[in-house]
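Each structure below appears as C-alpha cells.
Look for chain A in each of the two complexes below; its partner is chain B in the first and chain C in the second.
Then we have the complex of A and B:
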C-alpha cells in the first residue's frame, strides 16, 4: 500500500472527471424535447454510462498488465466509445427521425468547421441536436473522464490492494460523487468548451479537490485495514 | 410544503422525527448482526424512507440537474463511508460493533463537507443543503450496510467481500438503494406533490430491494430467505396498492380512457 500515491491518483482522477463532465454535451430534459443542444439526458446518467464502460475496459486490461498508462488509456478509450455511440445514435434519431438540424444555441458559427448555426436555429429554442463542436468536445470530455475513472480504479487495485470487484464499485462511487458536484456547477446543461458556462470550471475543480480528498481518506482507512485483516 | 398538519397532536412523522426514528432504529438493527433478515429488511426500508425524505427536502428547491443526481451523490459517498466502517472489525476485535457508528460519523462528515462545498464553492442557493446532505449520506451508508448484512449475515468486510461484492450483488444494492431514494420524489414531483404519497413509493421500492435480496438469500438460508420474501412481498403489495389509491385520491380527476381505439 502506498498512501501518497492513493491520494494523488484519487485527487487527480477526481479533477480529470470534473473537467470531463464540463466538456460533455449534456442537454437534460430540454434536449429531449429538441429545445437544447446536447444528449437528451442528465450529467449523472451520461457520465455513469461512460464511466461504467471505461471501468469495464480498464478492469479487463488490468488483468493482463500493471502498466498505469495502458490501464488508464484503455479506460479512456472505453468511455470515448460509449459517448461516441450515444451521441451518434442521438444525432441519427434527431436528424433522420424528427428532422432536426444539429445546431448550437451559444455561438453563431461552429468554431471548428465554420458552419453557420444562426440561420438554422429554431426561434425560441436553445439550439438542438449535437453539432460537430459539441461532438468533439464530448469526445475530449469522455477521454478525460474515462482516464480519471480508470486512474482511480488503477490506484485502488495496485496501490491500495483491493480486488477488482471492490475497486470497481469504489471507483464508481468516487467518480459519481465528483461528476454530480461538477453537474451542480454547470446547472445541469452545457454544450462543450465553447459554452460560456465552461468558464465556471475553476470552482468545480476546487470542489472536486475537496470531495476527492474526503473519498481518498475513506479509501485509505479500508486500504489500511485490509492487510491487517489478512485479505 | 407540509400538507395536512394537525396542529393539536404531535406530528410523529414530521421530517425531523422521521429522520431521528429511522436513523436510530436502523443503526440499532445494523449493530446487532444476529437479528433475522426480516428485521434487517425493516431497517433497510426505514433507511431508504429517510433518504427519500431528505431528497424530497433538497430537490424541492430545484437542483438544475434533475433529482436522480442527488441520489447518486448520496450513494457515491455512502458506499465509500460504508466500506470504511465495514473495515473497522478488521482493525480491532473488541468493540467491532463500532463499525456502524464509524460509518455513520464518516458519512456525516462527508455529507457535511459536500454540502458546505455545494453551498459555498458552487454557490447553490439551497438553505437545507448541509443538513439534507448529512441525512442523505447517513441513509445511503445505512442502506448499504443493512443490505450487505442481509446477504452476508454480517457487515464485516471479510464476509461482505466474498458474498456481496465479489458476487456482484453490490451493484444491485447500490442502484436499488439509489432508486429507492431518488425515484419517489422524481416520480411524484410537481405542484401537487404530497409527502405521504412520496414516502409510500419509497417504502414500495425498499421492499422491492428486500424482495430481490430474499431471492438470493433463500439459496443460503431457506427459512430466513422465505420469511424475507413473504414479508417484503406483502409490504410491496400493500404499499403499491396504497400508492395507487393515494394517487387516484389526490388527483384532480381520474378518467379511464379504455383501450386504444383504432381509426376507421
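Then we have the complex of A and C:
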C-alpha cells in the first residue's frame, strides 16, 4: 500500500504545486520598476520561499502528529501567511514609498471588488503593484503550493521512511522541479487566475504529472528497491 | 507550564526581532551590491549608452545566494559547536566564513559582468570594486549572523513542541531561501522603482521607455552604491525586515496559541491552522483597505 501512496502523494503534490505557482501574482524584474503587476521577483523564487516556510511548519507538526491532513494543511497555511505578508509589505512600498496605486494590466476592472483599473494605470506599463484580485489569487496559490509541498514531505517521512532532513531536501527538490516547469509555462509574469496566461495551465499540469511520476519512481527505488537488493 | 510558555514567548519575540534586523540588512546588502531584479536596469544601462558606476553582482537570484551563505554559515557553526566551541564564538565564525564566500562571489561577479559589457564601453571602476566589497560583506554578515542565530535557537534552544525537527544547516538553507525571497520581493521595489529612476516623475510606474536610463547622479557627487543604501535604509530595508519578522512572529505565535488552547495535539494543530487562515483573511482586508485609501488619496492618473 505504501508504495502506491508514495506515487499518489508525490503526483498530487506536484500537480497542486503547479496550480499554486500559476495562481501567484508574479511580475519578475519589471515589477521591481513598477512596470508590471505582481510581486517583484521570479516565479520559482517566490514560490520556493513560500514553500520553505510551509515546509518548516509542516516538519514541526509532523513531529507531533501523523495525520496527513493536519501536516499538509499546516504547510499550506504557513506558505499562505508568508506570501500574504510579503504581498502586503510590497503594497506598503508601492503605495507609501513610490506613490503608486496597485492596478492590473490585463483587465480593466477588478473581478472581485469591481474597482476600476484603467484610469489609475500608468501608460506604457503592464500595470503595477498587487491589486485585490491578485492578492486573493496569490493567497490561494500559496495555500495550494504549500499543501502540495507538505504532502510530498509527508509521503517521504511516513510512507518512504526517510529521515526528516532527507525528506526536507527531497521535498524541496521535487517542489522545485514542478515550480520550474510551471515557470517555463508562465514565461516570466502572471497576475493570477484572471490572467489570460492561466489558460495555459493544462499544459503545465501534464508536464508536472510526468515530472512527478519520474520523481516518485526514484523515491520508490531509493526507499524500497535498493534496501532489498532489487536492483 | 507557565514558565515554559513565558520562555517560549521570550524566544519567539527574540527570533522576530533578530529576523527584523536580518531582513533589513539582507535588503540593504542587495542594494549595496545591486543583486536583484532592479539590477536588470544596471545591465541594460550600458547597452543604451548610460555608462554608470553601479556595482553589478546579480549572477544568481537572492534566494539561492542567501540559501548558500546561510547554509555555509550554519554548517560551519555546527562544526564548531560539535568541537565544543561556545555558540557566541561558533555562530560569528560561521557567518565570517560565509562573508568570505560572499566577497569572493561578489568580486568575480562584478569583474565578470563588467568585462562582458566591454563592447558597450562600460569601464571597470577599481574604486567601485574596492570600496563596495567591504559594505557588501558587512551588510551580508549581519543578515547571515541573524539567520544563523535564529537557526541555532530553533534547533537547540526553543523549548517544547516549537523546537525544529530539521538540523541547523538545513534550517540555514530554508531561512536563507525565504529571506532572499522576501528581500527580492519587497525591498527591491524601493530601489528599482524609486532610487534608480529618481530623475523621473514620482507617483507612477516606470514606463518601458525609461528602462535602462537610470539616474547616475545623486546627493553627493558621482554616484556609488553607498548613496543607494543611504536612501533605501529609510524605507525599503526596514519594511523588508518587518515582513520577515512578522512572518516568523505570527508563524510561531499561532502555533503557541494553538498548543495553549487545544487539549490534544491534533486539536491544538487544528486551532493553529484556523488562526492562520483568519490572519490570512485579515491581511487581505488590510491590503484592500490600504489600496482603497491610496486610490482616494492619490486619485486617478493625471500625467501624459
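The rule is simple: the second predicted complex is superposed on the first by the 223 of 231 C-alpha atoms of A that agree within 3 Å, B and C clash if a C-alpha of one lies under 4 Å from a C-alpha of the other, contacts with A are read in each partner's own complex, and residues count from 1 in each chain.
In this section, a contact is a pair of C-beta atoms (placed from the backbone, for glycine too) under 8 Å apart; a residue touches a chain by one contact, two chains touch by 3 or more.
Because the structure is predicted, anything quoted here is derived from the model rather than measured.
Novice: Now for A:21: first (chain B), second (chain C), both, or neither, which partner does it touch?
Specialist: So A:21 meets neither chain B nor chain C here.
Novice: For A:204 in the superposed arrangement: first (chain B), second (chain C), both or neither?
Specialist: So A:204 only meets chain B here.
Novice: Go through the superposed model and pick first if A:133 touches only chain B, second if only chain C, both, or neither.
Specialist: In the superposition, A:133 contacts neither chain B nor chain C.
Novice: In the overlay, answer first, second, both or neither for which of chain B and chain C A:119 touches.
Specialist: Touch partner of A:119: chain C, not chain B.
Novice: Kindly classify A:171 by the partners it touches after superposition: chain B alone (first), chain C alone (second), both, or neither?
Specialist: neither
Novice: Quick check for you: in the superposed arrangement, does A:48 touch first (chain B), second (chain C), both or neither?
Specialist: both
Novice: Between chain B and chain C, whom does A:9 touch in the aligned arrangement: first, second, both, or neither?
Specialist: neither
Novice: Looking only at contacts as defined up top, I'd like to know whether chain B or chain C touches more of chain A.
Specialist: Comparing chain B with chain C, the partner touching more chain A residues is C.
Novice: Which holds for A:151: it touches chain B only (first), chain C only (second), both, or neither?
Specialist: Neither partner.
Novice: Is A:98 in contact with chain B, with chain C, with both, or with neither (first, second, both, neither)?
Specialist: second
Novice: Which residues of chain A are in contact with chain B in one complex and with chain C in the other?
Specialist: Residues common to the chain A contacts of chain C and of chain B are 28-29, 42, 45, 48, 165, 169, listed in rising order.
Novice: In the complex formed with chain B, which residues of chain A make contact?
Specialist: 28-29, 42-45, 48, 163, 165-166, 169-170, 172-177, 180-181, 183-185, 187-188, 203-204, 206-207, 210-211, 214-215, 218-219, 221-222, 224-226, 228-231
Novice: Which bits of chain C are touching chain A when the two form their complex?
Specialist: These residues of chain C touch chain A: 36-38, 40-41, 61-63, 161-167, 170-171, 174-175, 177-178, 180-182, 184-194, 196-197, 202-211, 235-236, 239-240, 242-243, 246-247, 250-251, 255, 265-266, 268-270, 272-273, 276-277, 279-280, 283-284, 286-288, 290-295, 298, 300-301, 303-304.
Novice: Across the complex, what residues on chain B touch chain A?
Specialist: Chain B reaches chain A through residues 63-66, 68-70, 72-73, 75-81, 83-84, 86-91, 106, 109-110, 113-114, 117-118, 121-124, 157-158, 161, 165-166, 168, 170-171, 174.
Novice: Touching residues of chain A toward chain C in the complex: what are they?
Specialist: Spelled out, the residues of chain A in touch with chain C are 28-29, 31-35, 39-42, 45-46, 48-50, 52-53, 55-57, 59-65, 67, 70, 73-74, 77-78, 80-82, 84-102, 113, 115, 119-125, 127-132, 135-136, 139, 164-165, 168-169.
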